[in-house]
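Should a chain be cited, it is by its letter among A, B, C and D, assigned in written order, with residues numbered from 1 in that chain.
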């Protein structure tokens, strides 16, 4: 087992040595360049057999154990390759949804296309719903063989480049809010779909809004039964198995050299306070790597506990904040001047951009507060507030 | 106190809270009309002869609306001019500045090299809105000087900054021959200390005003924004964060006004007030972004304007690390 | 006005120069010595006319404005005199209660005795009630001309040395919990009163528990009407006008030299990180002094706002924590060895004791959380939780 | 992993969580009977030959009950002895130590001066429970040595500490003539590094165990304690503090186990795990005191035992400032 993993590790390394793009940050200074770089790299990984290790063995490069997936992501982080952002929703969210809940026709139609580069986005969040996902308001009205959709989605990652969308819409509004939600596969080119990129405060455009104006979706594009979309959505959301946070933690560890570079650049090598602050950061990042490792090991060994994922998320997001805040502080006035950003990256060395980007991690995907509630209530078994005035 | 409140009221009327960063040119004209450019100029020189408390009140109000006009560097420039009694063109320039011409003091350190031929070359950084300036007042190797921007060997170049509410330039000297000296070498240190202290107070006031506005906006948002079927202002954990924001601002503001009134406070004492105010501003804006959730991360919402101004203010006229170390060192001796 | 204040300041200074005990810390190494030092010092202040500046002018040394009181406390802090701990409840709480709500006989009987050194304690808090003062359970049962008291009080400052006690007890338990509380003056020597000092974790014994077993209190010792004690208690609690926090802030500022001493002792003079950390502390303490000043000035000028006091309290307690934590850190291993403590002092230079003592300030007199609620709800006008599940 | 869990289970049975700091003598005897004194001793020497993971598990469990017995210094002493293959009395001493005699390694730096006559004078600090020790194993100027406490020129003096769960002594050398050397000068550095690293891991484990117990107690208390008509565990702001306590412990524990298993980790890497664990322990115990309210400030409640142990652990074998600086310096190079 361990032997096989080491063999895999050698294979991945030699693949990455030959194939990993060296100049991808320079080739990601605009959104268009970034998308091109992403598509190129995804294609290379598909051909190399490392793009979809979590898919079943019937797909080329699939059938890998979680332990093997971990090795692959460790090596991707170590080699400092581009993160697979553009294809993430396709290969994880869309795949898991279709694989677990889609019908045979849907699987046959869409899964192969993902490997050919068809990209998907997620139409879950809405303005006004925030962390309370079940509060969505977008309506889907059945008219013969189609659903007619009206509403608005937000925080849809890379929706402006997506071909398809995993859409949650409300087919009924009586009863508990989780009921009455239906899960649909939407063509992003369909009439009535308008996508508007969201300008982020650090200059990236990782997300978009989607406006839906009488968009028609054939009933055949529904996943699961009408009104049962909430359950399907759980499959979508559970598809990411902790690999991302491990990968990101290792990438941050690799990027500690950027902080060291600042210390040398500004001549702080003999400032004991700065050395201590750097030391604290190094230990914090090392610990987050250890935690992410342990989390995955526990999953591999089937001993994960409820709340573990929330701890990893909060620990990572705090470390990322600390990392970028120290860089911003040590960089001083230099960092206040605008410099080119790298699209889709978290540890770019553009410290203002990295600092502002770090907030996304305490807000997106369930805020820090929501994670704290999960840790307190589900892991530490502290009482939940009585129904009616509960978080 | 009365004067301070009156100025604040007038400022709030002239610059209502709901318009952030109103157009620079119009703001400047309004400020000139209201006499703000000459607030600190002695009455003998035709100014209003008001105190540090008055200018602090104005800078605080201009912070509140993330003012785009460079009132702080302008006022520092005017004070430098007013203090330069031996400068031949003093009276003429005071009149021009009071009437609305702009001769700012830079807010960052310069890197200048004097040449044997008496010329100076290098870069003067931290000049706000230099494209509307007639001249700058800079500390050159041999003392403070008025440097007209149309003089030979002088050019300006904009340096794009993250903070969208202001614009920053470098003034490049390339074999510039200083004339128009405002100080002799003996007077330079005294003027430097005076202006440094004034700059710290002005920036601190900007921070406090902006932080207060950021808190107000955040609380309003929390009262309106609903999550899990109730306004987020009802969540105890979030309420407590608002309380901590208020506490940080109040503490920093108390120190600011105390130092403003303390004529014996040294530059380091005044810088301590700025560092505390800037750290409070930073804290408040970071919380502002968090408490606004996703929309705080989009440039359509003003959160980021506050955050970016806070982060730039932290760096102007010496950052927290520099001043905290000096505060510690002075308290040790 | 300002002129008068400066004259007062000179008078106080010359008084303190002649009378302030120089060796009081050494004379406060045990509880008994501390009490003796406190009594001596209170007597000197009474004779000097500075012990009760807030009392009416009919009492010697009374009739001072709040501005004058501020000057006196500033000078007491500057001269580093002992804090008036033992007589605090007598001269503030007991005085205000009797003065505002007591009848003529009670005033005539008790106020002069306070000046002669009779000490009072407060019997408000109870185990199980904590910050929720109205939840008290101690019962007072009317039997003829006396109330018979049974119950337990806790966190009563210096109760082991008190002659009298301001007691809250419950005469009725139906209706809202604030109703049914009666305010009584109890003789601490009465049969059935047992006092047990509380051993604090830093070695001090500033507080005690009071056990009440069929204690009889004459009805004539009731303040206000039966069942109206909650209103009387508000007079007690409002009696401290912010002078204490101002005095304590200035004392902490005076004690910054102790931190400087540690820096020199351990040779950290060239450690830029330590200098920065010290600088941050110095500014924080200066700011708390400015805040306490401003708070009192606003009171003097009648422009205090609801919540101001909570901000001062939280700011002070955080600064005190930061002060003692930095001392503890810089002191290193030395501080882990037990050294003599100074009873009744907060800035003793015994850093472990000071550090542990600093917690009392985030817990006692309304926890940090309660203050935050007040700031958020009353000052920032954020909504209060609906009745029934409210804090 | 299995070995680690088995040891932890056994420890929890032998030392139940509800008895904090059980009597030193009985604990020691129990530990000796269970073979814990020889856990790390190679099987060839009659020990159990278990790994770092096993001893870490034990120290973690002993932290959980704030153990009063000096298992950590004893184990370090034993490891020093085991590593000293040229020491004539090695076999004899290993037997004695495995049987329950106590020869600790000091946990603080010594201040010793060698004299020209070959004697050594000075103070060896940080010797836990020296009154039950037959000897100590100390790093003298010319190498590690076994120093019997009844030897001429050797005396012990208790130094009262704040932490009531342990006792600390100085060993005073006054013209002591070292014999019984365990290392030659060449071997001293290697042994020093080995023992230093082991000490860091052991202390880190103590911190994690104790912090976990502190969190458990705090949560139980929060579920029971009522304020304003409901258990304080229902207040969101307080719940979130418990969640942060759990997070800090979990992060620090993850680093600890990773470093325990990483045979290539250097002393600084291991010390980083200790610093993080000790800071987590400190954070948790400060919160514990706060969340217990008033009773956390009385010495009748065990809160303060945890707090004081945390603060002492922070100082043993180098404090956070020292090691954070080294971590930073090494990461820079």
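In this section, a residue touches a chain if its C-beta (ideal position, glycine included) is under 8 Å from a C-beta of that chain, and two chains touch if they have at least 3 such contacts.
Chain labels with UniProt names: A, B, C, D = Acyl-CoA dehydrogenase family protein.
Fair warning: this is a prediction, and the values are worked out from it, not measured in the lab.
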item	value
Over-half contact-pair match to A-D, picked out of the listed pairs A-B, B-C or C-D	B-C
C-D or B-D, whichever has more C-beta pairs in contact	C-D
Gap in Å, rounded to a whole number, between the CA centres of subunit D and subunit B	53
Subunit A and subunit B, separation of their C-alpha mean positions in angstrom	40
Junction residues of subunit A, two or more chains touched	272, 274-277, 369, 372, 385, 389, 391
Where subunit D touches two or more other chains, by residue	235-237, 240, 321
Residues of subunit C touching subunit B in the complex	256, 260, 263-264, 269, 272, 274-280, 282-284, 286-288, 290-291, 293-294, 311, 314-315, 369, 371-373, 375-377, 379-383, 385, 391
Residue ranges of subunit A touching subunit B (in the complex, touch as defined)	125, 127-128, 130-132, 135, 154-155, 198-201, 328-329, 332-333, 336-338, 352, 355-356, 359-360, 362-364, 367-369, 372, 389-391
Complex contacts: residues of subunit D adjacent to subunit A	219, 222-223, 231, 233-234, 236, 239-240, 242-244, 246-247, 250-252, 254-255, 257-259, 272-273, 275-276, 321, 323-329, 331-332
Sites on subunit A touched by subunit C in the complex	271-277, 385-386, 389
Residues of subunit D that touch subunit B when the two form their complex	235-237, 240
